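Residue numbering begins at 1 within each chain, and the chains themselves are lettered A, B and C in the order written.
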Amino acid sequence: MTSAPAILPERGIADRLTAIFWRHPRLLLFVLLTPPLLWLGVVYLGSLLALLLQSFYSIDDFSGVVKEEFTLKTYAELFRAQNLDIILRTLLMSAAVTIGCAIIAFPIAYFAARFARGRWKAVFYLGVMLPLWSSYLVKVYAWKLILAKEGIITWAAEGVGLSMILNAILAIPGIGGNSLSTSPMGTFIVFVYVWLPYMILPMQASLERVPNSMLEASADLGASKAQTFRTVILPLAMPGMIAGSIFTFSLTMGDYIIPQIVGTSARFIGLAVYQLQGTAGNIPLAAAFAVVPIIIMLIYLTIAKRKGAFDAL
Amino acid sequence: MTAAVEFIGVSRHFGPASAPVKAVDGVDLTIAEGSFFAMLGPSGSGKTTCLRLISGFEKPTGGAIRIFGQDVSNVPPNRRNVNTVFQDYALFPHMNVRDNVAYGLMVKGVDRRTREARAEDMLALVKLDGYGDRKPAQLSGGQRQRVALARALVNEPKVLLLDEPLGALDLKLREAMQDELKALQMRLGITFVFVTHDQSEALSMADSLAVFNEGRIAQIGTPAQVYAQPRTRFVADFVGSSNVLSPDVTRAFGGPSKWSSLRPETLRLVPADGLALAGTVTTIRYLGANSRVSVNLLGTEVAALLPAGQTAPEPGATVGLSFDPTALHVMDEA
Amino acid sequence: MHSDRASLGLKIAAVGGLLFLHLPILLIFLYAFTTEDKSYQFPPPGLTTQWFGVAWNREDIWPPLYLSLSVATIATFIAMILGTLVSAAMARTSFFGREQISLLIILPIALPGVITGMSLRSAFSIMDIPFSTWTIILGHATFCIVIVYNNAVARFRRLSGGILEASADLGANSFQTFRYVLLPNLGTALLAGGMLAFALSFDEVIVTTFTAGQQSTLPIWMLQELVRPRQRPVTNVVAIVVFTATFIPILIAYYLTRSGSETAGAGK
């Protein structure tokens, strides 16, 4: 049975190509990487560069035509009071949404990570995953229905006699308004709802890494439940919380659909970008506005990285 | 007798040329056709890299490899008539056992009826008849290993490579498989090359072996040669945990002023009645068939094997050592 | 452990949170049957199924639906090819620039959509590229690559590297190894990635508004209806269609990968 040759003959082009890839492994890597890198490099990085380039152009005040000359004039415009207002409002909303998400997400993530077993584990996983992926616009629309003046919340508040409280909330200056669907309060609720899954998943992941033995050790050492929670569980959930906050913060900052549909006419960065490039036709200023979230996120990511948030992603 | 595999000054360096990691460094090696050859060494000694150089998953950075006289520098793994039993078996999880075994024949274009019949024959050879429809996940570790063996052998390779083939099995199964592998090799007459870090496995199965250390071959020979006449301190210590004696101690034992090796089983404990070779018992390790007694002698720990049934001395007792002077193997290393 | 059971308060908060995530969607379904089409009155004054018929006959819904389907299909197709290629390259080998490439893949989805959208818009403006179906696809495929990549690379990591070597060892050339060993083991992960990419693309609105010009995808049509409502229940019917078109692929993706450690969709 050892009569066969030690080296088998080459059969056709497939064998020849195999041999070439074997002799030059970098060639295979090159062949694999070239199409995706060309795409991402040209389409995506190219576009980001175009964005940066546009932000250094300016618009002619009289003709409304884009002047393709390098200038910092457009960036200077960002510091006008009304534009600073937009940036500040966006940051405040992003921070509020992030905190709101963290508070609501924690019990869900904690329960799913520590107590849900078997079927319930799957229920919780799907229960968070499906809203994460299901249609964004449909979710926003659902809240338009809920928060409308004639909608279910007003109806329910009347039904249980809490209209007073609802009206009191709506009367608070700064967050209230004519109805929930036209108030900053409403915008906040919808943001929290839409980005909540992005907070739950990383939080759950980091909580799942807390070994039970560590909690037992804390109990053995005489810590009360509250102490265990404060000194052991919360710090260990922190990296997941920071990872989640990257999403909630960044997504809120860039969104322009939700404030358009639910809320006052007060502008956020996303909305400003959208309107400036569209109706106003001021692409340079829109581009400069779009650079703001990039810079804020870069700062945010640098801090998060130091806190070890990326291990929880 | 032809050489199944030849290494001529083969090196495999990783990393930058300025500071390379020399996984294999200038290895010369000839493996005779039909032999059961072992590559023995600690982890990181280069033995597995050598195996991968034969199969073609690594390419030498220097030197040449010949398989049955043919240079394989430009031959990719799929055209080398050499098959491997991988350490983790690497069975295809999506195929049943029969398709796993028939895979090599399928990619060579053998028709379904023929290859399935051959696969069944091979499964019978490794005593797995009737397991063809199972998935690898449904098999035990020992059974998976047999499938891996059948999958390699169905191709009638000129050389079969085995990478730590028994490492994942428990002791009893391992001993049974050692016998089976040996029997299979004798029956098929295929050259087996296997890699192991277990010296007893290498000694019992191989008819010749190479001891690897730091990318080089420390010694090559039959198990008896390597065991009785280790060439270096490393080989003496790694194969059979010999007593490695420094030149000074060797002189005290009546040898020349050179490093030497003295096997523990050649040493006998005698009453210490004024002999030059006397020392203090430090530890006693009970091994079942015998006990390993460590004696501190001239500042060196020397181990002796005490057959079961003899009364062991207490730690701290003074004992004498006697041995057959021909057992003292003096090494070339100064 | 002083209690292996969750306290009642925690249970209520957790289940309440889950309900908070799901109940609002139900209202979409309810309002599709209301007889009131001028406001979002609750409870609906009456129920009817007429809006499904009305939606079916609305001429302005079909072109956006068709556009959304074709964009999602083509973008998914492109993303599957590019995502598979890059995951194959990234899975095993380490090479100079690997970290940078992985960042580049994730960036389109890590940065807010408005940035991706505005960037593409800037590039089209600078290069005088007119808006078309292809400008939409360009954007969608870009952020879908990472979805396919995430799924494929997780599976690559789980695959025992040995099986590819084993295949070559047994005499298979690279193409045979790809077809008989790699593809069968990667298949479900790729399919799951494709499903999620389709769902993501079909539903995308933020980037699309910057790249669509005068054309409308179904989400853009919906957005216009939200800003300036006409027959509100018709919008709900369309919302149900969009919801279903994303929900079903997600469920399929989940079932394709649930046995593995890398269940799809854990990271969007």
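To be clear about the criterion, contacts are C-beta pairs under 8 Å (C-beta built on N, C-alpha and C of every residue); 3 or more make two chains touch, one makes a residue touch a chain.
Since this is a predicted model, take the numbers as computed values, not measurements.
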> Viewed as a graph of touching chains, is the assembly arranged as a line, ring, star, complete set, or other?
Replying inline: complete
> Higher C-beta contact count, A-C or B-C?
Replying inline: A-C
>> Centroid of chain A to centroid of chain B, CA atoms only: how many Å?
In response: 55
> How many angstrom between the C-alpha centroids of chain C and chain A?
Replying inline: 15
>> Between chain B and chain C, what distance separates the C-alpha centroids? Give it in angstrom.
In response: 53
> Hey, what residues on chain C touch two or more of the other chains?
Replying inline: 171, 173, 176
> Where in chain B do residues touch two or more other chains at once?
Replying inline: 56, 76-79, 82
> For chain A, what residues touch not just one other chain but two or more?
Replying inline: 8, 15, 18
> Hey, which residues of chain C end up touching chain A in the complex?
Replying inline: 1-2, 5-6, 10-11, 13-14, 17-18, 20-22, 24-25, 27-28, 31, 39-43, 78, 81-83, 85-86, 88-89, 93, 95, 101, 104-105, 107-108, 110-116, 118-123, 125-127, 138, 141-142, 145, 171, 173-176, 196, 199-200, 203, 205-206, 209-210, 219, 222-223, 226-227, 235-236, 239, 242-243, 246-247, 250-251, 254, 258, 263, 265-268
>> Looking at the complex, which residues from chain A come into contact with chain C?
In response: 8, 14-15, 17-18, 21, 25-26, 29, 32-33, 35-37, 39-41, 43-48, 50-51, 53-54, 66, 104-105, 107-108, 110-112, 114-115, 122, 124-146, 148, 150-152, 154-155, 193, 196-198, 200-201, 205, 212, 215-216, 219, 225, 250-251, 253-257, 260-261, 269-270, 273-274, 277, 283, 286-287, 290, 293-294, 297, 313
> Which residues of chain A touch chain B in the complex?
Replying inline: 1-2, 4-10, 15, 18-19, 22-23
> For chain C, which residues are in contact with chain B within the complex?
Replying inline: 160, 162-163, 165-173, 176, 180-181, 184-185
> Which part of chain B faces chain C closely enough to touch in the complex?
Replying inline: 55-57, 76-79, 82-84, 86, 88-94, 103-104, 106-108, 151-152, 155
